[in-house]
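A quick write-up on the structure given underneath.
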Amino acid sequence: MIVVTSTNIREERLQELVGYIEKHEVATHVVKGEDRIVIGIIGKADPKLAEQLRQMKDVIEVIKISKSYKLASREFQPANTVISIKGVEIGGDQLVVMGGPCAVESAEQIDDIARLVKAAGAQVLRGGAFKPRTGPYSFQGVGVEGLQMMAEAGKKHNILTITEVMTPEYVDVCAEYADILQVGTRNMQNFDLLRKLGTIQTPVLLKRGFSATYDEFLNAAEYILAGGNPNVMLCERGIRTFETYTRNTLDLAAIPVLQSLSHLPVISDPSHGTGRRELVEPMAKASVAAGANGLIIEMHTDPDNSMTGDGVQSLFPDQFAKLMHDLEQLSPLCGKKFDTPKEALSV
Amino acid sequence: MIVVTSTNIREERLQELVGYIEKHEVATHVVKGEDRIVIGIIGKADPKLAEQLRQMKDVIEVIKISKSYKLASREFQPANTVISIKGVEIGGDQLVVMGGPCAVESAEQIDDIARLVKAAGAQVLRGGAFKPRTGPYSFQGVGVEGLQMMAEAGKKHNILTITEVMTPEYVDVCAEYADILQVGTRNMQNFDLLRKLGTIQTPVLLKRGFSATYDEFLNAAEYILAGGNPNVMLCERGIRTFETYTRNTLDLAAIPVLQSLSHLPVISDPSHGTGRRELVEPMAKASVAAGANGLIIEMHTDPDNSMTGDGVQSLFPDQFAKLMHDLEQLSPLCGKKFDTPKEALSV
Amino acid sequence: MIVVTSTNIREERLQELVGYIEKHEVATHVVKGEDRIVIGIIGKADPKLAEQLRQMKDVIEVIKISKSYKLASREFQPANTVISIKGVEIGGDQLVVMGGPCAVESAEQIDDIARLVKAAGAQVLRGGAFKPRTGPYSFQGVGVEGLQMMAEAGKKHNILTITEVMTPEYVDVCAEYADILQVGTRNMQNFDLLRKLGTIQTPVLLKRGFSATYDEFLNAAEYILAGGNPNVMLCERGIRTFETYTRNTLDLAAIPVLQSLSHLPVISDPSHGTGRRELVEPMAKASVAAGANGLIIEMHTDPDNSMTGDGVQSLFPDQFAKLMHDLEQLSPLCGKKFDTPKEALSV
Amino acid sequence: MIVVTSTNIREERLQELVGYIEKHEVATHVVKGEDRIVIGIIGKADPKLAEQLRQMKDVIEVIKISKSYKLASREFQPANTVISIKGVEIGGDQLVVMGGPCAVESAEQIDDIARLVKAAGAQVLRGGAFKPRTGPYSFQGVGVEGLQMMAEAGKKHNILTITEVMTPEYVDVCAEYADILQVGTRNMQNFDLLRKLGTIQTPVLLKRGFSATYDEFLNAAEYILAGGNPNVMLCERGIRTFETYTRNTLDLAAIPVLQSLSHLPVISDPSHGTGRRELVEPMAKASVAAGANGLIIEMHTDPDNSMTGDGVQSLFPDQFAKLMHDLEQLSPLCGKKFDTPKEALSV
């Protein structure tokens, strides 16, 4: 249940309302928006309480929220969340593309790729400094040094950066260097990590667990929102099914479903979602047609020798540029702008 | 393994080659195309045989086919199969849309819907006369009478028809009334049905089993092709996963995957693939962006009272018309024509 | 909803009740048991009708059945169904074991195996004459001749026989030769086959579709029961999951679940359920511990050269005999008798 | 690849061998056993190196290990790992049962339950102080205080304790209070947590991720083993499938599969594996019949009012005692001893 008041309410009166509500054995969470203030009521509230609140001064409306997640729900916030980072708006009418390698490998590599993805029109550079790997003997990423390399490349080429954070203790250092923090599929229910991300304001791209339901996914986002960080993007990256030809089954229905259940932006990852280079282009386009707010795509200058072995799903630079060109055509028909200035591509 | 000869080969010589091959404990299957003749070799052939054949007169090339399915494979036939039915071409550069109710309910109902889907630009009218139902106490379809009603509606409104056939003994009567026969998801591995469909020339839309791998799907198509019917379309209609919010998970990557493995047209079914009306539009668009050759979509004039209870995934006529309008815009950007003359829509 | 009357009711009065009920736009299905007669009401009955029936003469009780399947439900028939075939009771307190090859290959092969499985204590000989195969180029079974070979072997060695029937038109000939008819996993929802099986009295072993829910499985059984054949056994044979190390995931919880939802016997198939010879023994034992009424197990005298290529999951004769010995020990602790006379095993 | 030497080898010579190996661009990991010393070689070794090593002094054998996990593999260590904790041996011929509530709720509750599970014959008391919950508004456990309550109850009733640890920073405090640390299904690939657990010697029960393959599961165990902690138990707790009647599908084939691939003990969790109280007993028995080294079972004195809402899968004390009695009968037939002294049960 949520209680909506006007922004004209005096702080004292707001506290009075909160105090009154909390006497009824429920917790509250206050969110101050531009044109309204919302008091979220968490826990099972007495139906009479809603009736009483509705008749109180300064209360505009009282809305029951039927989901287990509250702040993430469209019922709680009907308008889309638009996350604005240095002029790039994610969740609005702009299509946002994040491109780059699976892992940062060297300063030269990331600089080269930053230049190429920027030239092709992408707004964000992706790259992992810490890599979650199935086995302990695989390449685990270059660490903090990689964060620095990527930050420099981003700065030089005037492009935002996104990188994965795997553990609460590294949240601060990752946030120091990157514009967006990514939570990987295996960490979607790493609740301590989610709680820590709730304490900062850096935007978070939360990847869906490869076997998570929509409900579990939105509850994971709720951990971050409830902690106080409203800047969450949801990322569909493929689910695990019986089909083994593709690495995962990219569940594109997740895009309109999540957009109807929630106000958060939805990004699609056709690279991990298929695990095959030749499927990235059609699935990227299909994602945009399904309404995605953005894409995150692997691109590598030398995919066959990538250090993570994930090259098999990375586009070559010219494929990435070609895809960006096609997306520019497609976007307006799918209700999205594609307006980042592109420079000449020189590989 | 397949053996390719020119079309100039004498029949006598062709039979000589076939005889020679069959002495090696393998079976053969001859397909005569416009610019070449192909002898498919079925079974494990001695590698030496390939070498011998390669050096024989009239043999242009010998190609090893690595898949368990042969005739369905892109290796066997590099060019797309285009199925031409009364001027409608499926598998070529035209986007084909099949629309209509889950089940034929009455002559009036199907006539009404035929008029509406035709007016909106669809080329094919769908409708089930025989319905596969989970339980024996559910509505099982109106039977042969329904076939007649649909055939009349199709004729009157100049639109092709597609209907589901559930058992070998009904193949002939269904083929008498409908232009395309549909094999449902539960029957994808009803091998006797597939064999029977191989004996006729009526085009078949084969739906993917809801837990079938791509390999099993193409092997099911192979049963029809091997029987002698080359007119097979593949239909992705959603797979069963752990997610229960949607009725199925529409696996759109299946579209480019099947098109790369096979030369057969691929149709997408966003209605059964999601089971929710509000998801049909975004998933239909995403299907086209992913490269689908066509769509099969449920539309009903009174979905809330449909006899199968599937109305929850059926579009209303105006939603269908709106979607067709959008697809007309989208198709050219996805390499497809959308050229069926549309008439004014009068609901 | 079901209506229970005593067996003393006059036929005339029973028909009167049925007629009264059918005036309320529902169908009926009458089952005459030893100590009660049950009128099953199919369709949505007016709640008032239950009230009226309860007060009528000769009506003992009126029970609402909440499931979509009726006759298969434990609510409908609280006591276990025990299927008695030539002295072997399936569904009672006897553990029943069915053993034999995937496919009948020759008269000699099936005779040899019949002797061995009988000697080891099995009550039923399994063997397929018609084989459902993924691709059209695989061995499809030896056909009717195989039925004859198996019938002879069964007769000679005094052991029951079970064989798979794939299509309605072969039901009669299969029933002529075999004691039990098996419906394979791919045919669980071949509704015409199920309907045909409802018209005979030969016991049917219905395998769970590899992606069928319990509810769908029991509805498939309902098709056979509703047709008039009460002799149905349910067979858990593994479901399709993301795990590929095993061919399927044997869902042993299905055993107690199905036994609680239904009165029908439940058989477990650890051979197809795992697809690996070394897992058959532990999963067979686990099935008995979970409460299975019986097992169906592949055994072959020369598994490495089996014609279906399924030898990899077939036990060798001595492994089968060893397993039977272990099951004899285990059964009494799991509430089952294991009392078939065993003869000396001579391979 | 692993290199085996006798235990008589001088330390100096051992270091010499290690140094020689590491010159070949691979890493090493030395494990000193009672009757042999093993040098694990991690990374792709030159095949010639194996040949050279085989001919060196003090080298008994060189074994290629084909799996991505090394220390966890049966190839690496053919003999079962037996973890000995205060006289309880896990992984040997004793059946080990861990029982208790989902969450520690109060000192009185855990004391009461400790007494009951001990009296029934269990060797380990389970209970969560930190609870991973899907949503942020659910009960998250009582924290460190709960650890203290459980430790006291364990001491008083002379029973080992196991509790879940969710984050690296809590590993030390959990290890201070509990005898065994549990990694939950959502944390199976929380690699930082696994690495931290590799630095201590406290036994770890690692639960299989609900969608993890056997290979991923064993690689997760490898993280702990590679860190230096050999005391790892694997726990099958059900996987996520399309079936929703049960909370998970308990994959009992995992027991013999993991025991063949690995030397680590395998524990089964029929409570979470089914999510339904009435299925715990049959699945517990089936687990033992399949060869499980132990069971972890939820028991609660007042399940309907459990704070986690998981009571629906918790046994009542008398059901737990009855199950233990049955397991005592069953164990010897499944090659396990069941020898913990039981006291009179007084609820």
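The letters A, B, C and D name the chains in turn, as written, and every chain counts its residues from 1.
The criterion applied here is as follows: contacts are C-beta pairs under 8 Å (C-beta built on N, C-alpha and C of every residue); 3 or more make two chains touch, one makes a residue touch a chain.
It should be emphasised that the depicted structure is a prediction, and the values quoted were computed from it without experimental measurement.
The interface with the greater number of C-beta contacts, when A-C is set against A-D, is A-D. Chain centres computed from CA atoms place C at the largest separation from subunit A. One finds 35 Å separating the Cα centroids of subunit A and subunit D. If you average the CA atoms of subunit A and of subunit C, the two centres end up 50 Å from each other.
For subunit A, residues touching at least two other chains, in rising order: 211, 215, 240-242, 244.
The touching residues of subunit B, counted against subunit D in their complex, run 240-242, 244. For subunit A in complex with subunit B, the touching residues are 211, 213-215, 239, 241-246, 249-253, 255-257, 260, 273-274, 278-279, 282-283, 285-291, 326, 329-330, 333-334. The residues of subunit B lying in touch with subunit C in their complex are 27, 42-43, 68-70, 132-137, 166-169, 186-187, 189-192, 195, 210-211, 215-216, 219, 222-223, 226-227, 240.
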